[in-house]
Every structure is written in C-alpha cells, then in structure tokens.
Amino acid sequence: MIAPELTEEVLALTKRRSYIELGARDRALALLDPGTFRELLGPFDRVESPWLPMQGIVPQSDDGCVVAKGKVDGQPAVVIALEGKFQGGSIGEVCGMKIATALALAREDNERGKPTRAVLSIESGGVRLQEANLGELVLAEIYAEMVALRKHTPIIALIAGMTGCFGGMSLAAGLASYVVMTPEARLSMNGPEVIEQEAGVDEIDSRDKPFIWSYCGGRQRYGTRLADVLVEDDAEVIAASVRDLFRRGLPAEVRSSQHELFLDRLGALDPNKQWTANELRDVWKDVSHD
Amino acid sequence: MEKLSFEYPASAKASRKAHVGVVGSGDLEILLEPSDDAKAHVTVLTSVTGFQSTWKAVLDRFFERYQGAARIDIHDFGATPGTVTMRLQQVVEGNK
Amino acid sequence: MTEREASTGRRWFEALSGTNGERSGTPGSLLIADATLGDERVTYIAVAPDPDARFMRARHAELGLEEGWFGAKYLTDLIKADRNGIKRPIITVVDSKSQAYGRREELAGIYLAAAALIAAFAEARLEGHPVIALIVGRAVSGSFLELCGQANEIIAFNSPDVIVHAMYKEAAARITRRSVAELDKLGEKIVPLAYDIGSFAKLGALYKLLDVANPSEPADATVQQVKTVLLEAIASARSGPRDLSRRLQSEGAQNLRQASLIVREKMAQQWAES
Amino acid sequence: MSLATTPEIAPRSWANRREGKRRKLAQIEPWMNGKILPGRYIIEALERLLAPGDKVVIESAQKAADFLSRSLAKANPKILHDLHIIIAAISRPDHLAIFEQGIARRVDFSFAGPQSLRVAQMVEDGQMEIGSFHTYVELSARMFVDLIPNAVLVCAQMADREGNLYTGANTEETPAIIEAAAFRDGLVIVQVNQLVDTLPRVDIPAGWVDVIVEADRPFAMEPIQTRDPGEIKELQVLTAMMVIRGIYERHQVISLNHGVGFDTAAVELLLPTYGTQLGLRGKICRNWVLNPQPTLIPAIESGWVESVHSFGNEAGMEQYIAARPDIFFTGRDGSLRSNRVFCQLAGLYAMDLFIGSTLQMDGDANSSTVTRGRIAGFGGAPNLGSDASGRRHSTPAWLSLITSDSPTVRGRKLVVQVVQTFKAGGVPTFVESLDAVEVGKAANLPIAPVMIYGDEISHLVTEEGIAYLYKAEGIEERRAAVSAVAGVTSVGLKATAKRTAELRCKGLVAFPEDLGVRPSEATRSLLSARSMKDLVTWSGGLYQPPARFRSW
C-alpha cells in the first residue's frame, strides 16, 4: 500500500513533543537549557504537606511543586512548575511556600547583581481547601514576592494544560510580566462550577465546554491581549517562546499596572447585557492605548 | 488512608536514587533509595484501605525478580496492581 | 443614588474617617477617604454594598472589576503623590463578602482586576506606606487576598461575625464532599481549616486580635480604642521590614507554620549551594 | 377437488391484522394530513393506535425515537396498559417511566447501560418483567418470528410530504424494524426531525409508513463510541502493543471488528506509529466492521484502512465521512449508510477477528458485563464475539487457529478479550464466579447472562501477557493459561511458576518479552493522537467533536 501524503499539520503533530502531557518535573526540564536542571527541595527532601495526612489524604513528596534552578537562554533562571494531577495543582502551605521562597531567592540574586529570571508553569485549581487559610497566607506571600521580583526581571506565567489556572493562581498570572497560553489552557478567577453554584446555570453552564473555553481559553485571552503569546502544545515551541519573551526584557508597563486601559475597556462595556466572547473582542479592539 | 510495611531479602545494593509517578487519581509515586543492609524495605501509604493482601501479592511477585537492597516509599492514590507493577519496573529500570 | 446599604464595614469606615467615602468618578461600592489619625494624614479604603453598582454581580460588597481597577488606580496615584513626601498610611476597613462571581467578570478578566489591586497595595508597602488592614467583618477569599493580603499589619476584631477564610462553609463542604458539621469538627483539630478568627490568629499573621465592645456598632469609646491600635500598627509598620517576613517570624508561625519555615530554610540553603 | 363449506359457519377471515390496522388508522383519520400527524395529537393518537397487550417496538440504540417514547410515557394508563415493549437499548428515563406508569409491563431487550441500576430495581419491585436478554441482531430476528410487532415507534431524520423517509447517517436498524411491521400489518409510526419537499435520498419508501409526526426536537443521539485519547493509560498502550505484535501480526488479521473502549482505541491509535514501525501497514487491519470511531482517523489518514462498514453513525464524523467515500459506505448525498443488521452479519461471517473488553471474567474465561445490582444486558458483543460455525470461506487468520491435523477440520474466528486484571478502585476483573450467575438467579432468568463463553475466546490479553486459549487442550489447560495472565487476582494467584513456564514453553502464554514488546516503550507518546484536538488535526478539520469533548 502506498503511504498517503500527510498534511503539514499532521506531520508537525507527529513530530512534536507535547508539553501538556509532561509532568511538572519534565516540564521544568523542557524549559531549562539542556543539562542545567537542578531541583531544589526535590522528592527525596520529603518536605510534604503536614495537613493532608491529618485528613486521611495521601501527600506527595514534592507537594505538587517542582522548583528547579538552571539556565534559560544561557542566563540564570528558576522554573517553578505545578503538578495538576496532584490535588488539582492546588496551593497548600508547602507548595505555596516553595513558590514564594523561590521567587524571593531570585529577587535576592537580582539585588546582588545576578539576573536570575523566573518562569511559573501553572496548573492550578486555586487554593487547597484542605489547608484553607494557610493557602490564603502563602498566596499573599507569593503575590508580594512577584511584585518585588518583577521590578528586576520578567516573570513569565505559562499556562498550558487541562487543569488551567484558576483561583489564587489566576491572580499570580495577573501579576506576571508576560503570559503564555495554549488553546487548551484556561485562565479565570472563579471556576465555572463555582459560578454556576453562586449565580445559577443561566449565568454559566459549567457543562458547556465550548462556551467555557470561549471566554477563558487561551485563544480568547490572547485575542483580548490578556495573554502575550498563544502557542501550540509543543514543548520545544513553548521553551522557545519563553526564551523570546526574556529577550524582550521588562515590559514597558506590566498588565496589572495598565489602569487607564482597563478602566476604558470596562467603560466601553454595556453592563446590562451578557456579552459573548466575540462581542468582547470586538468592543475591546477599539479601546487601545498603543 | 492506610500505612503498610513490607520487607524482602536483597542481594545487591541499589545503585542510585530514583523517583517515578504522581499521587494522582489511579496513580502512585515511588521513591527508591539505596539501602545499606541487605534488604528491601517497602512502605506504602495508600488512600484505599483494606488491600493489604493485594499489596503483598504484588510486591511478592515483584521481589521474586528484583533483588536490590533499597528503601522504597510508595504514595498511592488508588492505582491498580497493574499500574503499581509498571511503576515499580520503571523505578528500578537501570537500577539493578 | 438609593440609600446606602448599612453594613458593619460601612459603619466603621464612616466612624473612623468621619465621611461616607463617596467620591465622584469612583464606584459607590468603593469607599475612599482621607482623614486625620493622631498626627497623621491617612487614607481609609473599604468595599461596601452598593445596590447601584454598574456590575450587578458586585452589589453586595464583592470585589469586582471596578473595585479592583479603580482601587488600583487610586492607590497608584496616591503613591505618586507622596513620592517625595511623607508616605501616607493606607488603612483598609474590611467587611467584604468575597470576589464577584459572574460571567461578565470572568470574560473581562476579574483575575487581573484583583491582581492590579493587590499589586497596588504591595507597591505602596514597598514604597514605605504603612498598609494596615482592619478586619471588622468578612474577609473571605478574594476580599482577604485583595484587601488584607499585602498589608504590613493586619488587625482583626475578636468577634463571631469576623471571618477570614478561603471559602464560605457551605460551599467548602460541597466541594470537599463533607458536611458542615464535619468541617466544624475538622476545624477543631486542624487550625487552618477553622472558621473562627481566634483560630486564624493562631497562624501568626495577625498584628492584633482586638476585643471590641459591640463590634458591629462603633461607639465613641470603641472608635478611640481602634484608632489607638491603628496608630500603634502604623508605627510598627514604619519600623518594620517592607516585606511580609514578619508573618513568618511570629510565635504563631513558629508553632503552626513549621513546614513553611523548613521550606524557607532548606531551599535557601540548597539555592546557595547550587 | 372441492371443499365443502357449511353455510352456518362464518368463513375464517385471513386478514384480521390488516382489518385491525385499518380500523385503528380510521380513528385518527380526522387529524391526519396524508400521512402527517400534527405533533399535538401524538399522545391521543398513541392511545387510539395501540391496545393493551400489543407488542410495541421502540427504536433506541445509538439514536432513540425519544419524542415518541416521551409521548407514550404520558399516555393514560387506564386506556393504555400492559404493553409488551421490544427495545434494543433501555437508555432513557422516559423508557422507564412507561413501566412505572403501568403502560407497559413486559420487556424484551438487549442493553440497559445507563439505566441498568434502575432496571434491576424495577424488576425487583415487580414493575417490569423481563422476557429475555438478547443480542441486537437476535432481537431484530425475533421481530420476524415470535415477537412480531403490532406497532413500531421509530425515528428518521427527514420525511417528504408523501411519506418517504431519509434515515441518513444513522440508519442503524430502522429498515429492519419497519420491515417487521410494514409487511405484517403492524403500524409504522415515525418521528422525524424535519419535513421537507425533497429528500437527499430515499431510505424507506412511503408505502411502508403509516404515521409521520414532526418531533419537538431532533431525535436523541449519544456519541457513545467516542473515546478521548487523552484518557488512554500507559497500561492500555502496553496491551495494545501486545495485541498488534502477538495477535494481529502473528495471525495476519486483515478483517476485524473492534469493540468500544479505551483498550481498542489504543490499538487504533498505535497502528500509524507502532504498527508502521513494524512494517505492518497494508499487511493487516485493512477491512473493518466498526462505527466511524474518531480514533480510527489517524489509521485511515496514514493509509491503513481500505474499508469500513458501520452499525450506526458517530456524532461529529459526518463531514469527515462525506470526504472519504472510498473508505466508508455512503449514499449519493455523501452521508454515511449504516445498517446494524448487515453489519452484525458481516461481523459474524466475514471477520477474521473480534476484539473487545469486559467487566468480569471467571477462571474458565467466561465473561460478562452484568455485575451485581445492575441488569446491563449486552449489545452486539455476544454475536460479534462468537465463531459462526456456518462459515465456509477461509482466510489466513481463520486458518491459523487450526490446531489439529484432521482432514475435515475447519478454521476459527479470532475472538479476543483485552482487560486489565483490576479495574479502577482495586476491583478485580478476574473472579471465581461471575456476578451474572447470581443476577440471573435473582431475576429468574433461565440461563446466566454470560456475554462471551470461555470456549469462544481464542485469545486473552492482560497487562501481564497473552493467553492463546485456542491452543489449550482441555479445560484444565485453559484455566491454567487464564491464571497465568490474571495477575494477583484470586484467579491469577492460582498460577504456579512451574506451570506458567510450561505454558510459555508450549506457546500458550506469552509475556511482553516473549513477544518482543518492551514495557518501557509503552508510553502515551506512542499514540498517534493524544487528544481530541489531535484527532481534529488528523482529520484536516473535518471531524467536529461534540461539545462535551471540546477543551480548547
């Protein structure tokens, strides 16, 4: 039988290595320059959640957060990757503190003249309800460190996989210097189930997947310039986009400081109607401060 | 949640640390470290209770073939015996 | 404008600032006022119910799109204005339900509005403004993160009506598939899960847990009492670090955040070695 | 010769059924416009057209005549009661409501997947009385013998003003059901999604149809065969590798039927990668009897597949099928032509191999999807998973199962079961005794509802290895071979190292290393598509997954 010609898209698909399929550790490996990965507080350090076993829940030896030092594009870097498969990437005391501490140490490097940059690979449903208030406290500490570090070096938030980026970590993405997303990724504060519960099914039908991705999926966030880069699920392409963003240096103004733009954007919306994702894109297209 | 312990005789010290898996639905995490005594020490922390004999059967079979002296920690989140065996094979790969 | 909806937060804001916090050009839910406290010129901020709020899902003291962006802009302008002078203390009077839950909010990126407000408080703190959170009622999820999280010092009333948490009890029970009774039971054993402010205080992040007579109705004496504590907190903030490290140095953290401390210590050590 | 007749005795009427049908139709005549009945009369019309004791077919497999079943459930039980329902799949709450209301009592059916718990309860409560379990094609067959319907409630996509029907991609068993009624004076009542002037093609002529009613919404369709590649586990990649090496390659399997499940979806997705690496393209897996499962797209696109005949459609595949008429059976309008009865026939007589999965298997390799507290029934698996001893043509695969040198020996179809030794939650697949035995007793069934009998199974695949059961000489050897691959289940723990070594030596049991399969290669990266989105890419954007499968 003659091998049929496959389209370029299919050929590309068969060649590429999926980033979404990778676990947190392999993601960090994929983002760092080859041979530079060095994990901090890895599994064998066994710093686990003290709170989960008290509730009969099996902990993970890295608490779902991989912190690795290394280099990106030849420059010192720290990659922080969350594991969406462990407790939904939720932020508990240990994993949250790992993030905050890694950011703080990167800041100290920068203050001492070593330009350590940071990447956050996020898969998270938000705060870990089994550690509730400690989750809130470590989130606040993560935010504090992000605001301090991003003055020195860009922080890239990378949202790739099926867990998405919700709750407390969506705010972290909001504080990042740059945001990279795949079309499969979602970035939203409140999960659709929670909104459906709080505001009713007419507000959001959490089972309507195309609708959910239409408002918070990577395509829409990129289309409304809430994400800087939209990439296909390809580990090499994603790593390259991270390198490219670092080459851009610090953004002229981080997104969370663009008050005028977003106040204008809010002003342009009719609050009395439920907008579709496309309507929002159209309305916002005309609101520009460039 | 249940904690189980097992011990098996071993003939050679495992050569290095290894880690596989994730504590996600139907999966497990295994940490393997070389042990100085001639034994394999296995501890299992599992989310599903009442499967001691199944764990023993899986591990008995595995340690018929694997002879490394090691400390093996398992964090299980409802993996099937097939998955447990697969992860055990992965963690000892190149670590005889 | 319809009559202002009463709330503990609004009452305390008015009692402390001496104004109703309305400003032209900012949403009615966002109360902001400059006032004098001791010898200081301070700024009070609160988010209160507003039945006329532009976005209907943010009418019951929720942190919504406008609260976030207008608040962030105001604070950023304030920081600029004080750049070369005395850094004004910023005091949030917190009794806000949560973030706003709605379709419009998610479409328009409420996560970014929240981040903007958090960044503005964090910038203020880094610039040397004492940022004080005074929790007089609810500080749940988004309202805690946005109005309290970045403060140098957090003060909370010791009152059953004060609640700091990641999620209200009923919703948390639903999501974790536990009953409310089970949650209460767990909270007795596991401090970070508990809903009472006394348990939260044990985690070491509070500057002060304050006993106030009749905490939902400010009176002259209690207002004076609170003002005194606010002044102490401002002094403490001025003399302390500009980051949040004190929360981890507290006695509570030494007891209940040992895992946090281990992470910090071990990671710093490994970072230095690598 | 003349026959004497007595004038006192009225002549026997030989057309009672026809007469009855005429009388019934006359009762709804005032509402009718030709063959079209306005939807608002449907409940009353059913009350007039059906009578207590009638055998009534409700169409329900992948597609369901749900407007008619919902309407029947609203009928007055004082007028309409004790119907005998014949239904392939009890799948909808309204199917159960018909029994709860007392409108029907007895049921003959094949499958009750999502409603299997409730069915078991209703049988226990005496609200429902089961005639028999059937396979799909068996139930269709009985409609022509001893379950001849008085009326059939079926669905079609479109009808024209004359009453011709277009069943479109989801023809399934509509022609068979209608045939059983139309030619023996049963009533043919059809719900259609749409009335049109001109049909894309005529699938059922107007002359076979009595009443057409426009439904309030398109007939219910479940994408029940769609499997998201994202959910395939590494162990399923491993078993799929073993299937390809140890069965398809070894036996030169050219024509085949895949049951629905992640185990077989993994095989489909490994053909373009692992299969091609082994140089097997064009040599195996060319002619398929299979619904248009999206996981077959990569194999089709990379030139593995010559033909596919289908039982029914799969939602979202319409445009892809229309663009691949060389592969699929399609009408001139481009849409799929499926036919469950023909497809089952093809599965019985024209296939080298059937491969499927099960929920339970005993030590003798008997398998069943019936488990305690559930009456699930079976779809087509018992037919497809059986060897048709009436087969007379031969193929290399069929011949390869011959184990004796008798001059009159015949070949055999490969019937493969692929399972993991344990299911999620630590529930063993291999058990001492099938739940089906107990369930059968409890429901007073004359025989236990076994899906596939052990002696029909030629190959058993688990994550441990393959048991080549067709080689087993006698029941003891079969049991030993099953145990050898049954892992640490109670059945598997009976295996001894010595016996297993003997069986490996004899070729009755093979472990991955015996097959040249390396477990370390069994990763998800070997799948030609790892997500629904990858399938869309493979299809060139022609496959449009149903909403529930879209996450981008």
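A, B, C and D label the chains in the order they appear, each numbered from 1.
Basically, a residue touches a chain if its C-beta (ideal position, glycine included) is under 8 Å from a C-beta of that chain, and two chains touch if they have at least 3 such contacts.
Everything numeric in this text was worked out from a predicted model, so none of it was measured.
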Closest chain to the centre of mass proxy, which here is the mean CA position: A
Pair joined by more contacting C-beta pairs (A-C or B-D): A-C
Whole-Å gap between the CA centroids of subunit A and subunit C: 25
Distance from the mean Cα position of subunit D to that of subunit B, given in whole angstrom: 41
Where subunit C and subunit D are represented by their mean Cα positions, the distance between them in whole Å: 60
Averaged-CA centre spacing for the pair subunit D and subunit A, given as whole angstrom: 43
Multi-partner residues of subunit D (at least 2 other chains): none
Interface hub residues of subunit C, defined as touching at least two other chains: none
Residues of subunit A touching at least two other chains: none
Full enumeration of touching chain pairs: A-B, A-C, A-D, B-D
Subunit A to subunit D touching residues, read off their complex: 1-4, 6-7, 9-10, 13-14, 17-18, 20-21, 162, 182-184, 207-210, 213, 217-219, 233
In the complex, subunit B residues that touch subunit D: 26, 48, 51, 54, 57-58, 61, 64, 78, 80-83, 85-86, 89-90, 93
Sites on subunit B touched by subunit A in the complex: 1, 17, 19, 22-25, 27, 29, 31, 33, 45-47, 73, 75-77
In the complex with subunit B, residue positions of subunit A that touch it: 23, 42-44, 46, 53, 56-61, 83, 85-87
Complex contact set, residues of subunit D against subunit B: 233-235, 238, 420-426, 462-464, 487-488, 493, 497, 519-520, 522
